[in-house]
Each structure stands twice: as structure tokens, then as C-alpha cells.
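Before I ask anything, let me first share the structure, which is written out below as C-alpha cells.
In this document, chain identifiers A, B, C, D and E correspond to the written order of the chains, with residue numbering beginning at 1 in each.
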Amino acid sequence: MTAFAPIRTAIWSPRGGVSAAVLVLVVACALFAPLIAPYAYDIQNLPGANTEPGAAHWMGTDEFGRDLMSRIIYGARTSLSVAVTAISISVAAGLTLGAMAGYFGGWFDRAVTAVVDLTWSFPEILIALILIAIIGPGLESTMVAISIAYLAQFTRLTRAQIMALKNETYVEATTNLGAGHFHIIFRHLLPNALTPVIVAGMLATGDAIILEATLGFFGLGAQPPTPSWGAMMSSGTAQIFIAPWIIIFPGLAIAITVISINLFGDALIEALDIRNRLRSV
Amino acid sequence: MKPRRTMRAVNDVSLDVPRGKVTGVVGESGCGKSTLARLVLRLLEATEGTVIFDGKNLATQSQAEMRKLRRQMQMVFQDPYSAIDPRYTIRRALLEPFQVQGEAKTVAEARATVDELISMVGLSPRMLDSFPHQLSGGQKQRVGIARALALRPSFLVLDEPTASLDVSIQAQIVDLLEALKEELRLTYLFISHDLSLVRYFCDRVVVMYLGRVMEILPGAKTQPRHHYTHALLDSNFEPDPTRRKIVTMLGGEIPSPFAKIPGCAFAARCPAASDVCTRERPPLTNLGDGRMVACHNPMD
Amino acid sequence: MALLSVQGISVSIGALCPLEGVTFDIDKGEILGLVGESGSGKSLTAMCVMGLLPRIGGSITKGSIVFDGRDLIGLPEIELRRLRGKRIALISQNPMTSLDPIIRIGAQIDQVSTLHLGLSAEAAKARSLELIAQLRIPEPAAIHRAYPHQLSGGMKQRIVIAMALAADPDLIVADEPTTALDVTIQAQIIQIMVELVRDRGLALMLITHDMGVVAQACDRVVVLYAGRVAEMNRIGEIFGKPKHPYTRELIRCIPRLGQEPGSLKGIPGVVPSIVDYPNGCRFNPRCSNAQTLCRDQAPALEPKSSGLAACHFSEI
Amino acid sequence: MISFFIKRLLLLIPVFLAVSLVIFMIVHLVPGDPIDNLVQINSSPEQKAALAAKYGLDKPLYQQYTIWLGNALTGDLGDAIILRRPVADLIAQNLPHSLSLGALALLFSTVVGITAGALAAIYKDSWIDRVTMTLILLGSTVPGFWLGLLLIMLFAVQLGWFPVSGARSWDALVLPVLTIGLGGVALVARVTRVAMIETARKDFVMMLHAKGVPPWRIELRHVLRHALLPVVTILSLRIGWILGGAVTVEFVFARPGLGSLLITSLNQRDYPVVQGALLMLAVAVMLGTLLGDIVQAAMDPRVRERIK
Amino acid sequence: QEATFVVSAQNVGTPSYNPINGTQLNDAITLIFDRMVIQDADQTFHGQLATEWESTADGMSWTFKLREGVTFHDGEPFNAETIVWWIPQFAETENAFMTAAIESVEVIDDLTVRFVMANPDPNLLSNMSSGFMSIPSPKAFDALGDDFGVTSAVGSGPFKLESFTVGQETVLSANEDYAWASDLSENQGAPHIKTLTFREISEDSTAFLELSTGGVDLLYSVPTDFLPRLEGEASVQVGTMPGTGLFYIPINTTVEPFTDIKVREATAFAINQKEILDNLYGGVGSVANTFLIDSLLAANVDPALKISYDPDRSTAALEEAGWVMGSDGVREKDGTKLQVALWTQNGTEFKRVTEVVQAQLKAVGIGADITVFDSATINDQYRKGTDHQLAVRSYSWANADIIDWFFSGQRLGYPNVSMWNDPKADEMNLAAMSGSRTWEERVANFTTYHEYVLSQYVFAPIYQPVQIYAYDKEAIFVPEAIRGTRLQSQTVVDITVN
């Protein structure tokens, strides 16, 4: 019933429709990369390095002579899965922390809020770099770093939601039926708090893709030869003058994906009419 | 950090609710009516005093005992619009009381139960699969009543159950409540700011002002002795153009609930206030016939 | 000729048509009550009169609103703005939210008189102080300096009234001015407003759903039901000899002092929702006298023995 | 009200202690020993031990912490191990650059963001709204280092208006400010737009229209003023971000700054610098929120009331 | 008469100009300070503050004649007393090994000193030509203490330090009294450039753009990637100098499968050095076939021991060791895959070489998983654990004793990343390090040691970079031939501003 109606509304709005189509395309690229990509992502052809875009290689080749288009298609896998996994972890942790803080209040709430506020006000990039320095490089640590960098946002959002929902009459009504905390939190508060958090998570996925790219600039993130858009852009910086396409295409991929995520997110926010709830952060 | 300011939303209130009767509580917005309701049902812990329900002191009940007791005492809320989880269908909302009380039901039992409940409040079982936002305010309030009745309580707190409804619907609900009371032998604590409604509906009337009980009237038609009750009655616009009257306007403003008032809470606005009134708090004195008043210079 | 005459206006907001053929008029020195259940279109009618309908995305599709001889429909926005606040003032439903919370009370009242009367800052302040005092608010100077949140609801509502009076309007539209207030305060406010109208010879359009207020304050009453006028009549007729079954039922629903227990019965059925108004007379599903005609054909608002009513069988 | 802020400051003390402990611990969780980066080929374990003793790295952690914190409170953040100078000096050297860059970028994103957000809100759902917001969104999807290089190529190489890099003249600030500022514009513009649209729906705005106040005056004098409140909150939380988040831009434009000082020191495991700079940032963040509160209080009488 | 140079990216953040206890020095060091001797590109030594020197046949004594009339920037004279003060300063510093063989310094006369050696050190001249043995003004050095090189630095070089902001820039001004340039310089007086600024830019693209817009005049190092673009710039002149660095893959000899020398051999011969040189470096630089840079005499090993790409030999070795090709292109033995860890560190160059190495290993059936660390973490990983396998690393050192540093049995783990612990090798190490009396003997000992290391395949050599510098030829004139191993004072004093 109503659960899908807003999504449908969002898709049928002009902005929402176009951006949803782009996102479906990007996700399809990620899922079916081996079927779509014209070449393998890691086959080097050093003599054919830095070839301009042309018939054989629509987006040209990189500094190892690898087909750029194939790498961008496979890169969708890495970039999306890093962003999505990281944000999912972050959302899950944020929901738990935020729900506990918002529901129980007291010193626990104050401690969580203080810590979370502080991490929130530090630049994500710094948090990520420090964490990666602690846990070592690799995709997993990149994900952990990104998820911690965004944890604050979801914790705050969930907390604010729960605080507001906690005062709803139906919560009191259910308590009066004899329900315990567990029932209240899991049957009433969290389900109602979920939508804005998920939409915020979706919007943060876009930021996470950019953060992954920026971490790539510091040489962190996906380990070669696994392609990720961010890593491709950062290693392409060296080629900027002789083979600009190596950095332009991944940059475009990032920009298009992030813009689509934002536009679709906006359309969803409008359709779900949760703008003011997202603001309560 | 918020500065700590303590306020007493409800201050030294004593009253009893006789079985099988309708006890009404009136008072202006913010005077602590809902807080009183919450205290009575132990949805809030009182800082002082006790609530004895059916011979049991609620404050000393364990969680499990309390849960059992809650089957006996239920509440209908002021705002029907938010009294049902917007994500729940009416059916699910009506089954929740049993789920919470750990009372498993077969599919058939569940169906029969909700059908019965919904017809009891005069709604069609067709509505069971709707969501709250698809119902009108009056219908939602009926669902709220059905839900409160699900566990077959003997005591119902009605916190301004019609305040957000139109008159034509308010009358329906009041009618329904009257019928249910007879049918199920319920005891009501009926809270309202509408003096006419309380006097129409209730056997006894408790008048509150700023968290305190000003007066308890044994019968709906008893003449008030307290100046506040009098002012309240006076401010009531009678729906009769032939009986227009000039309201004797009360001076002063309602004091802030944070203010510490040593004397009578109404002293600042009372036309008959004397020195004592501002200094000393008038006790709630029994005037006989179940009539009680907290006033130094009661009217005659 | 009436100061304000609204003739058969219909309003559409998107695909919805929340008002249909609303007709009434007000004269100087008169208090016209506008009653009806929630959602019946009372506030929208006020919006139409204020010319603010476009602000909420609505438009008047039919009818005319003639104020002091001029049709407001089709008047350019700049002209309307000269009327708003100056000749037609609004007192809104919720005093708590009608004042800008971060601007001093005084400045908000001053704004009206500087804008419309061209007063200097000092003159405006003096005028505001006078108005505040007239509304029996103690310590006008302190109030002038205060922020809205420092005032109680009743005081705020009086400030809104002062704001409405600041430019000496001819017509005041008061949209449920006391709904958010306590009974004792409500009585004060209504009384102040009635006195003002009588003293200054203003016209007041008083929107409310409280029949008690109507009974005590109004000269004539317009009863709205589901976006249409059910009846317009003098106050005595409304309470004494209502011409429309809805009016009759409505009066019956009000609890009175001394009423017999068990005698209060609501109007059966539910208020129709704007998305599925019934055919014919919109009250027909709840009306005890409804006939086939009522279900098929919408009754026109026509003169009855007194006032106007929209009922096929009103004289029965 | 002054007493409120003093109280707020006092309340920050436990937060400060907690944060300093976290910062201290975090740095010690990072694997890698700064001494190893110091020693040359052929140095002996004794030399390393001597060095460790010199920087107090041989003491138990809790002792290191109390010593460090005690000194930090007197303004002595210790000596950098690799950079061999007082950390306080290093911070003093870098902070002005971060501050000027940050402040100007903040100013830029605030001014441009608010203007764009207000325009978009006033012309809500028109092409002006669409175009402004899409452009702004586009600006925020380009990673900083890449945007920086693009700006250099356009404004420094092609047009020759500004120097490519460095921090020697005021005009060298323009491109870095643009790079960071453009990223922040999106945030400010979106918050402004949404806040304005929401405020415009409030009853008191309708009341202003009913008073006959001209619409432009309502938008600018009332609605925008309200919309600035959330913008102030967001911006005050961004102080740390502004001082420390310019790392990529500092790299690309070869500028000094707290962010790059932090990252370089982190890579070199120069504990005292990392700790000092992080502590500095934390203090800035705390002061930032405090400043935010003050500005809020100045703008909103309700906040003043609450804190009285 | 002003110029701006950009130091090489890896020198960004050099903390101080203190030669004695500094561990990292940037290109400006030789402009502020003079050294006793300097080395030319052809490895010959030329006097700078020393005019003549000789050593006894047993290598136990060295006598240096000092130049006359040299004064430090603070007016202090340079003479034998300076040397007597100077040498002991190294004790207890991280650079102590430079002077470790010197037992004492004797003053012969005001301008003659003799070093009495504790043991012969044929490497002494080489050490003395290094920037770490630049000579500071004793008075300033003692007065400034830890601040020397940080707040101020006083030497006798052609330029005076005006200001230094770490990570940012160093401003030098010409020392107008300078009259003691070495015979390698044409200009025997004060430098032509009056104000010289060294900027530190870590992003190569930015540095390049600065040069092409005329924002700076000279880049000390340019990545090969930029060569095609630089050659297109009319005003830019590019030059190269032999490098001192070498890229290689240390192989952990204590971890399966590399305990088997055959697998190590296969790994070493799987690396196609030529392919890397041609494709990643555009043919600039040279392949590495030994552990030492070509310019060192100990690099002249038996050609049969040189390691250069031989896929057949590589495959044969793997087959012999029992690793058979699997269906996915990775070999296996007894159900184990020949899949190894390949570490590398942050930086475009490292990552690129590593990616090609990964592909080349794959070509002979060795699968490799890359992990990228930052340079601090990677060393720490070596110190912590011993289960690493392969890595792409590089070093920069122009002396054969680097073999000792990386392969001595006393430094297992780090820096002996190969974990190579071989008694025979350690014997050779001892002979080479402290058993050589003359330069020739030292060369011979190191060559033997080097050859043995090569024969055990404890590493795989990859590439020897060259140093590429570039300058704006419309702005400055740089002599065609760069004197010395780097662009140092002997050349800079001859640079003129157009």
C-alpha cells in the first residue's frame, strides 16, 4: 500500500524520473559489470597506454593501457559498494545509538550527544585519515572510516526523531496498555523514525562517494588494480596534461551519480513530505 | 544544558473516584488535568503522594504486576489524531493490546475480537484495514475508545476526548461513552475544559486551577462556592441569543506555572481576595454533602 | 449598500473545489458570524476577503467580492496591498504563531501605522502605546518593548487585535480569534471586540465554530456546511427558527447547562471529506428528512421566510 | 546572560578533558614510532632509547598524558619530534593561513550561499530555482583537489589573473577560497532555501501579508532573518571543518595550514604535532559552538530567554 | 636578480638546515654551507674548503689543507680550530656513523689538520662530500643549540639564510663576500642571483603549472609523466642528471613459498625491467640489474649474476620447484595457490610500478595482491611482523654500504626486509664494512659481497630513475653541464638571471 506510493510519486516527478533512471543504470553497471564491460578491468597493454578516446576504446585507455570505460563500469561496483556498505553500517549504528540516546535520555544521551557533536564538527576527511592511519589501508578500513565519519549525522537524526516521537500520544497509549521499552522502541519508534534516516542515508551515499574519491587523493581506498572512481581520478592527476580523459570520465561518473542521488533524494523528500523532519538534526 | 526550573504541574491533589460513577475534572488549559490523568495511571511517577486503585498502591507495584493492573485501567486521549501509530492499520492497532499483554490469539479469535470491538464503538468492520490517516477525527476517536476497551477495563480515564472534535461529532462521542458506561459498567474519570459538557456528563465535578483542586461539587447542578468556579461559569457563553449577558471580566493574568504562589493560586484574579488569600493557602475543606472547597472566603 | 458583499464565490485549490457559491454581506457596525464544522471553508472565505488566496495557491473561479463599491477580484496586487491592513484587517486564529517571534511587539504594531498612515516612528509608537492601553493591557511601554514569547496567549491575541486596529480599518476579519484561548480569557477577548465594533462602527466578520460565542456576539450568522452556505440569517432566527436542517441539528448538539443526561445526541454520520462530497445537497447523508431530490439536486441558496437557506424542504 | 556563557564555558571543561584524552589515545593507537622516522641508517638501539627519553616517549601512557595536558594548559604543546620546533610555534605559523583561508571561504559560501538560497526560495519552483540549485549541486560534486586544479588551469594558466599557488600575496588566496567556498555554497544555499520556504509557510508571514507589508520586505526583513538561524547553527558547527578540512586544497595550492600540518605529521607519526593540532581544532570547535550560541542569542530573543 | 626554485616533492617538509643532526636535508643545504670536498659527476673529488688532502697507505691518517680567507656569514673565520670543534659534534647524533672512523683531529697549523683514524675508512671523502658534513659556524651553532637550522642557519656558503618556513619556503640572499667557490664553478665570486627563494610544493602538477606560467624559475625534479608536456613548452628547458635511487622488490626469504630459492629466482627473473622503463618512464632512466646504482664501482659484477628479465628461466624455475599452472593462470602446488602479498607505499609512482609488477608476476603464474601503505605504516609493519612477502620499494643512496644496511643479519625485519640471515654473507659484510684499508680494497670486498647477494635472489631489481630538472630558460641561464651529482652550489653560483 502506502509504503511504495511516495516512491512512485518521486519517480513520476520529472527530476525524480530522470535521476532514478540514471541511478538504475549505474546500479546495473555495478551488478552486471562483467557482462557490460567491453574489456577486463585489469588487462594491461603498456604500449597502448594513454590512448585517446576512439572506436576501440570509447573513453580511451589509462596509463597502463587498460580500457577506461571497462574500468569505470567495474569502478561503479567498488565506489557504490564502498559508499553503500559504509553508509549502511553508519545508518545501522546511528539508529541504535540514536534510538538509545533519544529514548533513555539522561547521562547516556548527554555522553553520546557530546561525542557525536564533536565528531560531527571535525572534517570527515580528517576523521577518515586518522582512522585509516590506525587501522591500516584497504577497502574495509575505508568503509569503516567513512561510516564513522557519517555516524554522527545519523545518530543525531535518529535521536531527534525518537525524541519527537517519544512524545506522540500513541507511545503513551501503548505504554498504558502495559508495553515495555523493547516493544515501544522496535514496534513504534524505530519504524516511524526510519524513513528520514534512510533518505538522509541515501543522500549521504553521494557524499561518501566523493569522500572515497578524496581519500583516493591521499592514496587510500581501493587497492590496485581494483578500480574505483576516486582512485582512478587521483592516479589520473599525474596524467592530467597528457591524457586528461583519465581523470575527466571518472569525475563525470562521480558527478552524474552524486547529482542523481541528490535529485532523487530531493524528490523522495518531497514525496514523503519529510523535509521538516530531516531539518530537526 | 537547560537551566533547571522545577514546576509543580499538579500540586497536592486529593480526590477519589467512586466506582461506577463519572467524576469530572475541569480547568483551563495547562492547569494540570492531563498530568493528573498520567499520575492516576502511573504513566508518570508522582513525587509525593499515593494512588490507590482497587485497594492497591500503584507506586509499589512491580513491572509485571503493573502490566496486569493496566488491563483494568485504560485511557482515551485528548488528540485522536496522534493516538494511533500512523503505520498501523486499525486492525493491528486493535490487536496490539493483546500482543502487549502476551495474549496470543488464533486468526479466527483475532478476527472475532476486532470485529466485536469495532462494532461496539459504532464503526463498520470494513474500516479495519484502513490506516488512521484515512479516518475522520471522530472515527479515530472511536478507534481510540475501542482500543482502550479491548482489555475489558473497569476504569477509564477520558482526557478531553472531544476537545479536538466538532460539536456534532462531540455529541456523538459523548453519546457513545454514555452508552458504553451503562453496557460495560465502567467507571470514568472525565477530563475537560468545557464546564457545560462536564456538568452535563458527570456525577461529580472537580475544579482545578494551576495544579490545585479549587472545589469539588457533588452533583452537576450544585451551585459553586468558589470564586474561580463562579468565574468559570460566568465566562461560559450560553448558546442562547436571548440570554445575552455582560461578562464580569476577571482582572489580571494567569500566573506562570513556574511561579511559586504561597497563598491561593487564584488570589491574583479573585474579586473577593483578601490579605490571607495571598499569604496562606486555603485548605480543601469539606462542607458536607460531598461538597469541598478551598477558599478563605467562599461565596454563599 | 453593504460595506462588503460577497456574491457566489467559488474557490479552487489545485483540483479541489473547497468553496462553492458562497454568498453573504456585512454592513458597517455589524457583527457577522461565520460558523461551520472544521474543514467547511471558514478560513478560506476569510482568505478570499483578504485577497490572500493566491498565497496558498488558490484562486477564485466565480463570483464577486465588492468592498465599499469596488470589486476586489481582478484588482491588481498593489491595490489590494493598500486595502489590506488599512481598510480590511485580519485577526488570525492562532495568536501564538501570528506574531514574528524575533521582532519586538511594538515594532510589529508600529509597522502597520507607518506603512498605511505614513506616521513617523515616534508617532507610530505613540499610537501603538495608546492602542495597547485601550485593549486594557497593563504597562504598555513594557509590552511595546517585549518579544512575543514573553506574553501570555491572551495578551498576544490582544496585540494582534491592536495590530488590526492600528490603521483604523473599516472591516475586521477575525478567524477563530479565541479558539486557542482559555474560557475566561476568551470571554474577555470577545467582549473587547464587541465593544470595539460598537464604539467605532466597524464591521466584523467573526469566524468561529463555537455557537456560544455566536449566540452572545453576532447580529447575523452565515452557516457553512462542506464548502457551501447552508443558511444565512439573523441570530434570533438561527437559534429560534433555523431554516436549514443542519443548522437545527447543530444547535441541538450543544450541551447546555441543565440539560437532561442522555439527551445529547450527535448528528449521525461523518462530515464529508472534500475529496468526496456527496451529490445533491451535501448534508443529505446525515439529514433525517432527506428525499430523493436532496440526493440528486443541490438546493440553491434562496430567500426563505427569513434570511437565506439552501434546502429543498426548509419550510417543512 | 554573561553568566550563562560562563557556565557554558565551565561545562566545556569536562568535554575538553574527555576530548583531550581521546585525542591523546587516538594518536597512540596509530601504529608507527616517530623515533624510527628520525634515525638514520646505522643508528644504534641506545641512540633510539636516548631519543625516546628525550621526547618522554619512554614513560607510561598516563604519565605522558598528564604531563602533556598540564603543559598544554600553559600553552606549551611540547616539541615536534620530526619538525624539531615547539608545536605551539608550528600552530601559530599555520593557524593564520587556515584562519584567513577558512574565514574568507566561509564568508564566500555564506554570502553566495545565502544569496543563491534566498533567490531560489523566493522564486521557488521557477527556472531560477532549478538552475541555481542545479549549478550549486554540480559545484559540490567535484572533489576539492580536482576543482582546485581546474580553477588553476582556468584562472591562473589560461587567464593569468591569479598566481598558481603559494601564500605570499592576497591574490593567491582567491583560488583556494573559491575552491573551498564553492563546496560550502551548496550546504548554505540548501539550508537557506529550505528554511526560507518553511518560514514562508508560517502563520506570522501570512499575517504580515495581511498587514499589507510589501512582499520583498517580508522576504528580506522577516523570512530571511529567520532562515539565517539554522544557517548560523550549521556554520558554527563547521568551524573545525573550515580550519582543518582544507587539506586537499592546501596540498594542491601548496599552502600552509592546520589541515596539511596535521596530515603530514600524522604520516610522519609526529605525535606532539598531531596532538597539538587536534587539540587546537577541538578547542576551536568548542569555541565555535559557543560563538554560534552567542550569535543565535543575538538574533533570537527566544534563545536569549531560554538561556537566562 | 631574483629567482625562485622548487625543491623536489620528496623534500617537502624538510624540518631543518642543521647538517649535523638533520636526517633529511633539502637542496638548499649546499648553498648555505660549504663542505670540505665536493664530488663531481664523474665521481672525482674536488676541494672546496679543503684545498689538498692525502692519506697514509694504511688508511689510518688523513691530512687536509684548508682554504685561506674563508669566513662564515657571521664573520667568524674558518680554520683548523673549526675542524677540531666540528668533528666531535657528530658524536651521539644520528649522523655519527659519518665520522665514526675518526678517532681524533690534530691541528698541524692554522690551516692544516690531521684526522687520526680508529680504523681505515676508504669512504671518508665520500662522506665529507655529503650535505650532512656541511660545516656550520661554531659560534652560531653553539649559541643557537636546538634552534640551529630552524630559526637561523649560519655557514660559509654562497647564500645566507634569510628566512625559513618549514613546508613553505626558504629565502636566501647572496653572500657578497663569497670568494671561495670550488674549481668546478666558473664564477669565483659572489653568486649572480641576489635573492633566491626555495618553494616547497608537494603536488607535482601545481609545480609544473607554476613553471609554465612563470611563477617559478626552476624545478629540482619533474616526474617523467610531465616530460612530453614540458618539451612542448617553448620557454622550458629540461635536463637530466644521473640519479642515486633504485627501485627493487625485497623478497622475504623466511616465508613460504620464498624459502625456496627457485621461487625467488623465478620472481626475480619475472620482472621485465625494460617494459617498465619504456612504458612507465618513457625510456628515461635505466633498468636495474643489480642492487647498486650503475655509477658505483661495486655494481660491476659478473654479468652472469645480473638479474634481467628472462621469462623462460622464471617458468623453468617454477616448474622445477613443483608449481604447476592452474586454470586461472595462477600456479599451484599440493592444492596451494601461488598467491602472494605485494606491498607498496603511497604515491603515484610506487603504485604504478607495483601494478605493472603485479601483471608481470601474473604472466609467469604468480598471483599477487597489492596493499598500499603510507611510508610510515609500511616500515612499522616490517617492525611488527615477519610474515610479509613481496614489496616494491626504493632507496636513494650513492654508496655500496647500502647492501650492509638492507641485508646485514643484524637488522632482520627492518631494514633487512628480506629477513636474510646467512653466516657467509655476514662474513663478507664484515670484510667490506670495516676490513678495507683502501678505496680499491673496499670496492673489491663490496663487489664480492654484492655478487653473493645477487646469487641468492633475495630481491628483484627494477629501475634506476634519473633526476629530471626543468627551468624557465627565458628567466634564468643555467650552465649546460651540471657539476656534481646534483644541482648544488657549484652550479647554482653560475646561474644568472636574464
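Keep this in mind: contacts are C-beta pairs under 8 Å (C-beta built on N, C-alpha and C of every residue); 3 or more make two chains touch, one makes a residue touch a chain.
Source: prediction; values computed, not measured.
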| item | value |
| --- | --- |
| Labels of chains that are neighbours to chain B and to chain D | A, C |
| Chain pair that, of all pairs, has the most C-beta pairs in contact | B-C |
| Centroid comparison with chain B (C-alpha atoms), farthest chain | E |
| Distance between the centres, which are taken as Cα means, of chain C and chain A, whole angstrom | 51 |
| Whole-Å separation of chain centres (CA-atom averages), chain A against chain E | 44 |
| Centre distance in Å when chain C and chain E are each reduced to the mean of their C-alpha atoms | 90 |
| Chain D: positions in contact with at least two other chains | 31-32, 149, 251, 267 |
| Sites on chain C at which at least two other chains make contact | none |
| Complex contact set, residues of chain C against chain D | 50, 52, 55, 81-86, 89-90, 92-94, 97-103, 111-112, 115-116, 147, 149-150, 160, 163 |
| Chain C to chain B touching residues, read off their complex | 37-38, 152, 154-155, 182-188, 190-191, 209-216, 218, 235-236, 238-240, 249-259, 261-262, 264-268, 270-271, 273 |
| Chain A-touching residues of chain B, taken from the complex the two chains share | 38, 41, 43, 63, 66-68, 70-71, 74-75, 77-79, 82-87, 96-97, 100-101, 131, 144, 147, 151 |
| Footprint of chain C on chain D - complex, ascending | 202-204, 206-214, 222, 225-226, 299-302, 305 |
| Partner chain A, residues of chain E touching it in the complex | 203-205, 208, 223, 225-226, 228-229, 275, 278-280, 346-348, 351-352, 354-356, 358-359, 369-374, 377 |
